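Would you mind keeping the following structure in view while I ask a few things?
Labels run A, B, C and D following the written order; every chain starts at residue 1.
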Amino acid sequence: MRVGVLGSRGKVGAEVVQAVETADDLDLTVGVDQGDAISALVDTGTQVVVDFTHPDVVMDNLRFCIDHGIHAVVGTTGFDDDRLATLRGWLAESPGTGVLIAPNFSIGAILMMRFSTIAAPFFESVEVVELHHPTKADAPSGTARRTAEMIAAARREAGSPPIPDATSTGLDGARGADVDGIRVHGLRIRGLVAHQEVVLGGLGETLTIRHDSLDRVSFTPGVLTGIRRIGDFPGLTIGLEHLLDV
Amino acid sequence: MRVGVLGSRGKVGAEVVQAVETADDLDLTVGVDQGDAISALVDTGTQVVVDFTHPDVVMDNLRFCIDHGIHAVVGTTGFDDDRLATLRGWLAESPGTGVLIAPNFSIGAILMMRFSTIAAPFFESVEVVELHHPTKADAPSGTARRTAEMIAAARREAGSPPIPDATSTGLDGARGADVDGIRVHGLRIRGLVAHQEVVLGGLGETLTIRHDSLDRVSFTPGVLTGIRRIGDFPGLTIGLEHLLDV
Amino acid sequence: MRVGVLGSRGKVGAEVVQAVETADDLDLTVGVDQGDAISALVDTGTQVVVDFTHPDVVMDNLRFCIDHGIHAVVGTTGFDDDRLATLRGWLAESPGTGVLIAPNFSIGAILMMRFSTIAAPFFESVEVVELHHPTKADAPSGTARRTAEMIAAARREAGSPPIPDATSTGLDGARGADVDGIRVHGLRIRGLVAHQEVVLGGLGETLTIRHDSLDRVSFTPGVLTGIRRIGDFPGLTIGLEHLLDV
Amino acid sequence: MRVGVLGSRGKVGAEVVQAVETADDLDLTVGVDQGDAISALVDTGTQVVVDFTHPDVVMDNLRFCIDHGIHAVVGTTGFDDDRLATLRGWLAESPGTGVLIAPNFSIGAILMMRFSTIAAPFFESVEVVELHHPTKADAPSGTARRTAEMIAAARREAGSPPIPDATSTGLDGARGADVDGIRVHGLRIRGLVAHQEVVLGGLGETLTIRHDSLDRVSFTPGVLTGIRRIGDFPGLTIGLEHLLDV
């Protein structure tokens, strides 16, 4: 499979370049960054591009790729409903071409969220604990919030009863934040990177699903999976989870 | 739903009786044990039975239930291929009746095995750690062995490469037991009950799925789930996992 | 060593009786409960008593034991400053006799608190997570609060700087309760018993100290340690930690 | 406190330079590496040096420092009994000067080993689990082996009975490696760095002490502690644990 990289000299793009070069089944065709001609993608027979660039240029990049039938795996941010509608329009005119836009390429994080959501209706109790470095500005983390929302939705749909909690006295904050009825706790500890644990419990047993992200290169296996599978998903796909068979 | 319990005065059966009585959506019709007439199941309009009895009597119990169109959730052991074939024959003549035979009713354990199997092909590394009380005779545990076999099969099917391991020097046993290429470690610690952790890792991240069984009543939620769902699974089903939508 | 048990037919007392009978180096002399004559302790040559009785009777029990030079290991509650002063007065007149009053006999819990306190000044960050069954009324748990207070005091004494935390936006409660500047988080999960984790972190590393109490018999090893060591601690001792060489 | 760094352009030395410059209470006087004059240490009024150099040059470095009454914190390897005897001789002639030689500067690792050793005699069971990246050559890790040896020695000294283990059937290696009677398990997982967990258990409870090293900069707080405290430890000290009050 012939792969090009847009934003190839950026921090993330450079990691992608290296990961593609290392993978036995992928060939790097060309890296394109500011000042380079995007037409090199066509000249080199690129089949899939990876785009970690900037909201200002990503739409032009995608227009070019879709026009030339090149699949795209996109980690760039800034897609609102208007942009997504525009992309769907372009893709309708290029049947067979696939674009994946993913806010998170960590397969571990995606599976953690997915498994927690599947398991949540089978247990009486479920809470989320996230642990990060102390320079993080928001608490709880965006991933923890999204996980709690997904869990709450799954329980609503399954008709799960409220989670039992007899707490009647104590200190403010001891039971964490309430996200759609799911308790979420955030720790800030020097030395940690990004970690999350979902604890589920029923009569006499608990199930714990924990994701530890120890290095930011953890996104590369997800990008490679996106490259390998996007060809089977024509049209617009939002979220890497849809390319995993889970 | 009207539920009867076979083996109602046994240790496990008594727990099932209590769990059924506590559940809002289930009515206990009758408990049947040695010396009681099984016909009481019919007299009381029982729709589903739970059988935790003995290999010597379970086939007679099931013959009666199937003949009368009563679904059965069975935790009794001792089913070989002959017995399963016999059951399938009886069920063929009683369309709409369902029998579930399950070696394990812990939903946490089932999900732990299932999620590990799904996740295994997405990571480079995976190992299994089980922890039990020190009076256990076998190491590794049956559940750990089965988990490793399922993981190995999933990786074979997905074409996963061998798990990396540069160990070239050390002590015998340090890397655990080898079950189909998956490393399995068993700890024996006073104070513990039955616990298992599956550790999966890829570039820069790990995913850990842990099941803690702290009390043997952990089987009851699985039995209740079996009772509630067996009606939708006519014929013979082996393993509670098939009744969970996962 | 000859050991008597006061409150021998109570739930806890009965466990102590059994533990003493099982220990090779201890002889049970007599169990005393409501309606029994306490003089049996003297008649049987009892050297140490264990008292798990009631605030209403414990002072009379201890008066008798101290008068007769019998050491006492006490798990009964209800000791205020007045009572402690009274005990000290009695003990002054019976040199060589020791009384241990302990709110917690779990050696695991005591070591967890002790190690956390020792370690806390060596790390930039420290937080406490406690996990209990959902029928618990208070959050955080008393043990978690006490742990946080001990950690805070140790850091104050060592001149540790404030714990770093850049949180500037988020949801109420996400960062837990504040106990003397230490963040404490409480989870309530069906299936759990009583668990606590102290997470400490510095540049590039973390240290986690976790105590899991899975069964209430966990107090018995601490009681046995108290019995064996109280003879070496004449006078009044409050807290089992003082009898452990840690 | 005025601090010099020997080997200041090496990988580790450069980290030390940065850590010293960042610390409010420490002043960097001079970095010395190959080709630089060591006399700069004296010219700049250096009080403490840190030496991460090479076995070939470390003895000359220390001779110079001891002669000039400069304390030394040494992470360089290659000290045998002869070298240690030589150092002791030099230090005898320079009373008040302290030299610390430490194989491990991670405070987390040191406390994990120390706490495990203290706790081990109080519990019936104890096992060690270490987890590392899959490119590690030895299993178990040196730290895990040393931890097990320290635990075994502490239990021997306390007269602890053998650890209970009823395993009578199973697979080779399932129960780990045997280090002086302590079971040690090694996992090799992509994405991990260096992690160790000591699990202790008694009746109804467990205590778990876990160290996670996520980045090699984890040695710097230990080096800074060495710098700050070596002045109070004249003579030769081997092992950072002796400078911690634990």
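By our rule, a residue touches a chain if its C-beta (ideal position, glycine included) is under 8 Å from a C-beta of that chain, and two chains touch if they have at least 3 such contacts.
Molecules present, by chain and UniProt name: A, B, C, D = 4-hydroxy-tetrahydrodipicolinate reductase.
In this text, all values refer to a predicted model and were calculated from it rather than measured experimentally.
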{"item": "Count of contact steps on the shortest path from chain A to chain C", "value": "1"}
{"item": "Pair of chains joined by more contacts [C-beta pairs], C-D or B-C", "value": "C-D"}
{"item": "Furthest chain, CA centroid comparison against chain D", "value": "B"}
{"item": "Separation of mean Cα positions, chain D and chain B [Å, integer]", "value": "46"}
{"item": "Whole-Å gap separating chain C and chain D, where each centre is the average of the chain's CA atoms", "value": "33"}
{"item": "Distance from chain C to chain B - Cα centre to Cα centre, in angstrom", "value": "39"}
{"item": "In chain B, residues with contacts to at least two other chains", "value": "123, 191-192, 200, 202-206, 212, 214-215, 218"}
{"item": "Contact graph of the chains (line, ring, star, complete, other)", "value": "complete"}
{"item": "Chain D residues touching chain C - in the complex, by the definition given at the top", "value": "106-109, 111-112, 115, 118-119, 122-123, 200, 202-221, 225, 244, 246"}
{"item": "Interface residues, chain B side, partner chain C - complex", "value": "191-193, 212, 214-215, 218"}
{"item": "Residue ranges of chain A in contact with chain C within the complex", "value": "123-127, 129, 131, 134-140, 145, 163-179, 183-192, 199-206"}
